[in-house]
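Residue numbering begins at 1 within each chain, and the chains themselves are lettered A, B, C and D in the order written.
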Amino acid sequence: MPTFLGQNQYGKAENRVVKITRDGATHHIKDLNVSVSLSGDMDEVHYSGSNANVLPTDTTKNTVYAFAKEHGIESAEQFGIHLARHFVTSQEPIHRARIRIEEYAWERIETSGAGTKETGSDEQPKHSFVRQGQETRLTQITYDGESWEVVSGLKDLVVMNSTDSEFWGYVKDKYTTLPEAYDRILATQVSARWRFNWTDDGREMPDWEESYEQTRKHLLQAFAETHSLSLQQTLFQMGSRIIDHRGEIDEVRFSLPNKHHFLVDLGPFGLKNDTADGAVYLAADRPYGLIEGTVLRDGCEARIPVDLSNL
Amino acid sequence: MPTFLGQNQYGKAENRVVKITRDGATHHIKDLNVSVSLSGDMDEVHYSGSNANVLPTDTTKNTVYAFAKEHGIESAEQFGIHLARHFVTSQEPIHRARIRIEEYAWERIETSGAGTKETGSDEQPKHSFVRQGQETRLTQITYDGESWEVVSGLKDLVVMNSTDSEFWGYVKDKYTTLPEAYDRILATQVSARWRFNWTDDGREMPDWEESYEQTRKHLLQAFAETHSLSLQQTLFQMGSRIIDHRGEIDEVRFSLPNKHHFLVDLGPFGLKNDTADGAVYLAADRPYGLIEGTVLRDGCEARIPVDLSNL
Amino acid sequence: MPTFLGQNQYGKAENRVVKITRDGATHHIKDLNVSVSLSGDMDEVHYSGSNANVLPTDTTKNTVYAFAKEHGIESAEQFGIHLARHFVTSQEPIHRARIRIEEYAWERIETSGAGTKETGSDEQPKHSFVRQGQETRLTQITYDGESWEVVSGLKDLVVMNSTDSEFWGYVKDKYTTLPEAYDRILATQVSARWRFNWTDDGREMPDWEESYEQTRKHLLQAFAETHSLSLQQTLFQMGSRIIDHRGEIDEVRFSLPNKHHFLVDLGPFGLKNDTADGAVYLAADRPYGLIEGTVLRDGCEARIPVDLSNL
Amino acid sequence: MPTFLGQNQYGKAENRVVKITRDGATHHIKDLNVSVSLSGDMDEVHYSGSNANVLPTDTTKNTVYAFAKEHGIESAEQFGIHLARHFVTSQEPIHRARIRIEEYAWERIETSGAGTKETGSDEQPKHSFVRQGQETRLTQITYDGESWEVVSGLKDLVVMNSTDSEFWGYVKDKYTTLPEAYDRILATQVSARWRFNWTDDGREMPDWEESYEQTRKHLLQAFAETHSLSLQQTLFQMGSRIIDHRGEIDEVRFSLPNKHHFLVDLGPFGLKNDTADGAVYLAADRPYGLIEGTVLRDGCEARIPVDLSNL
């Protein structure tokens, strides 16, 4: 045979699991999209079609739902760790498990204070939610039976500074027509991944929920507080701020589309469009600048793959 | 010619306009997607291709941006009214204008209190925003030179009650297999439109911003506070609550996909999946129930079209 | 009660049903997305939540799958007629049924002529398909127990003429900056609906499959063969061509986004960008012109709703 | 500073360029979506915001359009090679360029044979196209000033075998409930990338257009002609078939979602649903099996990254 098999992995993707827990009349919700990917001793299923080593993807789906009941969902990271450990330790041919999870956040609906109809009591219903719809929280757990890699992050967090952004002093070649800008809008849709330095069961895990809230906060603050001469500079500030404040994180990678807001030329209509005085912008779709980069803690090696998008 | 022209309309769709206004160091943002649709004396352009009566769609786009500067964007509704009036009153062949607007909400990023780098002052930057990403606010303004129709609304507001929902006592025919439910999740992605009874320039306009905030609040509260025996019942409660509280609104229409959350059968794994005790659900995509209906103030006529979706 | 219920409808949307039929080793496929919408005596479920008149949406889903087996899927239209008749005639509270269907087309994969591995015979496998992915075919069947309305159509059919399109002689106001064009690209993503004049069971039905193929062909040919002075003119020609050739169709409505292809200004780089000599265009996303209109057979009334989109 | 910069890249993404060439009355179209990504000596723009080494992303966009005119678009691969070479050789700080291109295919509209209206001649218009809409063709060109890497491929090619697929003999653990299948539908949406062994300018390039057509053909035939015991087996057959027939390709990677078509249980309605006799399937959305793997020519190393998707 003049060909052979390279890296391969398989599993059930996008298992949409919702777990409701009740604390009296107060309910809590965890809403996840879980994708399982397994690899190991899988040559034969590719070469001959023998499934003797194959745990069906349908079984991996069942396991996700059963584990949500048996172990609960303390955090996406903790849930992914339970799953990854299970697949690697319970199935001999499986040597490596990667669990990817998207998490959708919900907030409570503030009610009118009239109580539920049945009870007429003052107690507010605590089982009503509206989906936040802002960023999607992400995590990826990889386990090979010996050590762990946890990479968390987010996508689709859209942010804008309406000033404090400039762009000038760049290279000009024969194809350059862009005028320099000293007061522009800077907007992007953040896709970020950060890698934890927790890798082995002997060490205490980070508080995954607290870590996410704090990392997100530092990311947003660095975006807001950086007077930006380039989106690359803002990227580096966001990554550095996270690593400075969060000892559990060693590496951050960003993919930042520059969501262009072009100052509209209103001259033909006898209007000035000064930024200082209520400017009007065209929010463009395509093309867009795409700025991608990794920020690392001193002494650490990069392990997050380069491509967070396929464009 | 054995054929003739029926209803027709044209214009530029999806003009993405962002207006920043500055109040000292505090910035405000309006982020709209504006679609213009004009109709009138347009037979000839269809029959012979003569554009003698046609204001180019490109011009309608320019007008959107120029008006954002000249008139500002007080609210999506007010902006649409300016535009519709302009097209109908300035162009003789145009007898009717319909302006549809989507609005995207932004909230401020809370900064760290360290001031901007340049100033070192205590003043917080007020020009940094994160897109809310929850519902999209909508409005449609129609003007025929005499009277106005304003229909506002929202889409993609995802809500869930994790209890207080039942479904039983329904018709059973030979194709019915659904078991009755006494404690289920009720979740939907609200698409709603509400029609204002403001129709002529002689009357004072509603406060469009206040109206939106209050209508949205009543919609959410009615969803949360209704112990539901069917999604239809919840729909009617949401519509009635709005009309009861908001005198400026005469009609509400909803399109409510029933986002099914199926209780997973964990019996094969020796697990019970009681709702009372941390139940696990599968959030399904398709198919979904689709419940649509109109609620009207007594004595009023329906004018919102039946179809808010194309499925 | 100061409010009352207006138009309402309900059912299961987006039932994805695939039917394979076998003619010896040759297989045939029908791939549909079926949405059911029922209305009738449904006040009580909205007012009190009583489901006594409600056939569950889950049952309507089951019926779709059972009917695909019992009656087969001769065509989307015929299948929708079976379903609509069933719901209206079998359930007393249901007075009207609307069935909407999307159909996805597949073509056969041409094989290498080597026969299947097992048989080693010369017979080609006839059970392998690739999804065409071009337009989505549509139909909507409405039945109220007495008469039928059948509206078929398509969406997402993207077409382009790379010449034979002009746009000039239009109205110029103070916001007009567009230069006239004498040789431009005309491209659009056709959304079309056409209404059949078959309305009662006493008359023979059209051949739905043949009708679709021919209508699509005339639509495409009219697009290709019209030297266009405006997209409106092309729209009218497409509609007229269909009605001229297809006696079973009385009304056609189009929603045609003008997919702008802007001639790029290469002057700054010392290049001319003549259309006569290999021109380069920027294919724009938003905004876009949106041209909508109805073409009717003489003496017929319009019944297709104005809005095929929500923008 | 306790942090440092890792891998980084930047450029303009999703430049939508359409090139029309005219051969008398016959037109040809190339429709691309071009994304540019550059890297090199870019530390300073991240650390201090100095743009002294930064060619603006806007300039990279201009270059795409200018090159489409200056060099034409013989193939996506050839066009990407021109661009990559330009950026690396013309800008000292840029050490590496990666060009990603999506290509959309168009076919001619068959006209009625009546000639255009103007000429009345028999000559058919050859400037009318309908977008094929099937797969999207892909290529990625990487150049570091010394050697080339060309990875082409496709995405969104949906294929189905309605028989000749089985799945049995797999591992069964306590979470396994799936029944074995001896005659099932196998359907997937192919995402594939293949790497060429052409790497240096001294060797003749492959015929990129011919290579794509042939590779696609072998991929489809292998899918159709493999009696499948697992999707993994089909994956390996598709990759091997390509490498066997196309000497210019050394590596193929696939990401294959298993688009499940579940045989519907019609037992409750008194119906059998045998595959041998016109079976009815439910086409499911999520979750889905996801099978990913690489096939390599003997003696070659894998260089295509593992992740073609982010789930």
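Everything that follows uses one rule, which is that a residue touches a chain if its C-beta (ideal position, glycine included) is under 8 Å from a C-beta of that chain, and two chains touch if they have at least 3 such contacts.
To keep track of the chains, here are their UniProt names: A, B, C, D = Uricase.
Note that the coordinates shown come from a computational prediction; the quantities given were computed from them, not determined experimentally.
Novice: Is the number of contacting C-beta pairs greater for A-D or for C-D?
Specialist: Of A-D and C-D, more C-beta pairs in contact link A-D.
Novice: Centroid of chain B to centroid of chain D, CA atoms only: how many Å?
Specialist: 37
Novice: Counting only Cα atoms for the centres, state how far chain A is from chain D in Å.
Specialist: Taking the average C-alpha coordinate of chain A and of chain D, the gap between them is 25 Å.
Novice: Where the centres are mean C-alpha positions, what is the separation of chain C from chain D, in Å?
Specialist: Centres of chain C and chain D (C-alpha means) sit 28 Å apart.
Novice: Mark out which residues of chain D touch at least two other chains, giving numbers and ranges.
Specialist: Where chain D meets two or more other chains at a single residue, that happens at 16, 62, 66, 175, 177, 268-269, 285-286.
Novice: Quick check of your reading of the touch definition: is the inter-chain graph here a line, ring, star, complete or other?
Specialist: complete
Novice: What does chain D use to touch chain C in their complex?
Specialist: Those in contact with chain C are residues 16-22, 27, 29, 31, 62, 65-66, 68-70, 72, 106, 109-112, 114, 116-118, 125, 127-135, 156-164, 185, 217, 220-221, 223-227, 261, 264, 266, 268-269, 271, 273, 275-285.
Novice: Give the list of chain D residues in touch with chain B in this complex.
Specialist: The touching residues are 174-175, 177, 268-269, 285-286.
Novice: Per the contact definition, I'd like the list of chain A residues that touch chain D in the complex.
Specialist: Touching chain D: residues 1-16, 35, 37, 42, 45-59, 61-63, 66, 90-91, 93, 100, 167-173, 175-178, 228-230, 232-233, 235-236, 239-240, 243-244, 251, 253, 257-258, 286-298, 302, 305-311 of chain A.
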